[in-house]
């Protein structure tokens, strides 16, 4: 893995590198540098298997982190490529021509995060949700509890406890005494 | 030949007996098939309850006249088939209207119900029904071919088309049955029988996993109940033909019940252990296996 | 419930469902209105039982002994349906069978949570079943949301949308619990109280308003059967 | 990177060639009257779980198929973001119904890795045991489904019967039939009950007996062979394009098995060889799964023979009510019965996960791959084809 990273560093501008496990590395790359790097990894280094493509919402920094995880089946190692895109103009290049299956992931991201992938097949079709009218649900600023309370009828009588207070009251002496 | 009016209540009695026997028989066979899957299966009277429930449903909807007539045609196919062949050989009471019809009429009745059903199901407008109908018609046609050949072979053998005469010729012990005297025709006929019983491997017409459940998809309440009635009568009627042609007929109700049960078990046991053919595969199967046997049966007579 | 409470669909109708003119293979032009061509949207009516009590009792007995379940696994509860119909539990013994089409089924087992998308299909399937018909809610998630009480995509209270006869709680309910639920349902039917379909017809506007409140892309007729 | 030398002949490993996309098909003119739209599902007995395939058929041939999912979406990934790490534990298993233990393992593994905890050795053995038991369950269900989709219902009866026996063992061990909630972050809830080994051995023998019957009725059945051989072939060059993993890839000749390629838990100490086939059709896929099932039976015997009976079951956890995990991200994978199952977890230093993404194998198999395989098949084969990819919709949409 070390040699691979050295190699990559020579050819591509790489951002911060996290070595999570001996066989798993996360690398931050520029938005524009992603495609050539992915193509290189796929064709030259044997990372032929796209494991997943997903996003993380860093709302505090106003960024979406896209994670492209590719896997080298022969050597049993993974590289995760992190790409940061701004939240308000969330758009990314499609990679469905490198991996046709990526189109599914991109459809999901389009729907659940509102990240656009122009050119990806059927990307604007509804994937999981149907008739959704609110914010894309996986965004951090979408509050599922408030939405559920507002949208659905609830049966009265359901109690929700905060675990910490509940435990304190049940377990400690003064809590029980109360 | 004069027509005796007493024939009509007598035939109705036959019909009644056969209906009850059919309901119990299908339940019994389902129970036996369930045993193969290590289950107890349905109660023996379940078919009666289902029938009663379906007649007792409060709503039904229609898709047009043909939709109404589909189950009616199907039922009249079954009833007609039953009534024009002698159920019990030698019994004046249960030979029904067989003086009037012959084998050709019986063959026609076997097909008649299917055609009526096809029209009715086609009008229901459900795509699964339409696909089921097209599959059903092509498969039934393919399955009918060996039966027709077997029937010709038997007719040539006994020089008659009258079912009563054919049965009469087979009396006097197992050695006189067509099963022994013309085995090839029996094999061809039984192949066709498997194909027409709507059990695996030839049940792609109904195929709940593919086109649930084919032609009857849209049928419900009393339409369905009518079809269930037919489902009890028609197989038995068909097996009566087979019994008369190949297995020496029956001279008492006990013999009748036993022989019908055994013939039914053939298809049930095959059905339990086989998955189903696709429609073009089953047609090819009939053409490559059953039809040559039928042709051979004709040539050897 | 007043008519003006009915929520208008908030999502535009899909293109394929719009009214349009189609040219057939023989050059013949005809108009297609997918939503209204294929379905009958007459309001359901309350159907009283038989005039004679003894006949109705007999029918109710037959209904209770011949429960045909619609083969629609709506949620994770569907996984316990298989053991239910196989050697260990063998529900066929009690007259319970699968039917693959809603037309022939008369018992709808809502097997677990219903997402909004499934709810739409469930309503349509339910409306295609013939009166009398019964609904069994399976799992805690149909009662009050269960595990998914704060999920944005599952309904929390099934009886707002469909008339429910029996709830079987648990996550996941065991097949034994299901069999007990069916026995309870049989008791209800025999007592002549399994009138869910009539309840639905009677409170039709209320059910419809509830359904439309959660299904934003209502692109089907109000009642189809 | 030392293990890759053990990997068998490099010829089977795919060269990095340009990906062949599905051939462009002429647009389908639905109003021409030549085609028929046919929905399989969601209310359809031939569909695996609650999903649907929108078929465009021309005669008996399917010209286009589109998968529609979302009927089971509960928003787990969102719900986990508002539950503390220990509160997530009871809901993760519900992501995938027929084989829930992988969710528990992957979640626990990811959390342990990010929090720097190591599960005790004995707990790891028990985890492996549970995962293999779950695999057997899942395969039994698959075999019944595959036979049932072709009209051979009796196999489903038999396999569900032995699956019930296996569920009894699960119940003994964990107290539940379906959702076991046994693999906690930090370890497992309990050790094996007394006499478990003996009863497990009986169950395994019963499974082997049933599998012999299934072999006879299903795999040596002329009609079954006729229906499955040469149907639904996944070309080996499309394996990477469509992210095919697990038995589907192994049936195409690629010895891809996470248990051996990136061993986790105690798999390095067990001896096994990935099961492969070459034909890559429906028959090969079911055969690979049948042999894999028998291999799992063998693995369970190995585990029960070798596992330590004494020792801790839980690592020491911090107070779970105030459990905070520093910022980090990881991906933990395992080989479940359908392929590669993985959890991608991101933490941000708070008491809640920042993001958890479930990577289920059905996600790629049922969506892009199925849509690629369907055109050109017969309507009658669609249900069987879908079952043969072994897809479970709850893990697609979570």
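Quick notes
By letter and in written order, the chains are A, B, C and D; residue numbering begins at 1 in each of them.
Following the convention adopted for this analysis, contacts are C-beta pairs under 8 Å (C-beta built on N, C-alpha and C of every residue); 3 or more make two chains touch, one makes a residue touch a chain.
Because the structure is a prediction, the values reported are computed rather than measured.
Where touching is counted per the definition, the chains common to chain A and chain B are C, D. In this assembly, the C-alpha centroid of chain B lies 36 Å from the C-alpha centroid of chain C.
Per-chain Cα centroids separate chain B from chain D by 44 Å.
For the pair chain C and chain D, the distance between mean C-alpha positions equals 31 Å. Among the residues of chain B, those in touch with two or more other chains are 37-39, 208, 212. Shared interface positions of chain C, i.e. residues touching 2 or more other chains, are given as 71, 86-87, 100, 117, 150-154. Shown for chain A are the residues in touch with two or more other chains, namely 128-130, 137, 142, 144-145.
Chain contacts here follow an irregular pattern that is not a line, a ring, a star or a complete set.
A list of each chain pair in contact follows: A-C, A-D, B-C, B-D, C-D.
Of all the residues in chain C, the ones that touch chain A in their complex are 9-11, 116-117, 120, 143-145, 149-157, 160, 210, 213-218. Per the touch definition, chain D reaches chain C in the complex via residues 31-34, 42-45, 49-50, 70-75, 78-79, 82, 90-91, 94, 97-98, 141, 144, 156-157, 160-161, 163-164, 167, 177-179, 394.
Interface residues of chain B, counted against chain D in their complex, comprise 33, 36-39, 127-128, 130-131, 200-201, 203-204, 207-212, 272-281. Against chain C, the residues of chain B that register as touching in their complex are 34, 37-43, 46, 49-50, 52-53, 56-61, 125, 208, 212-213, 216-221, 224. On chain D, the positions that touch chain B within their shared complex are 36-38, 44-46, 60, 147-154, 156-158, 161, 217-218, 221, 223-224, 226-227, 378-384.
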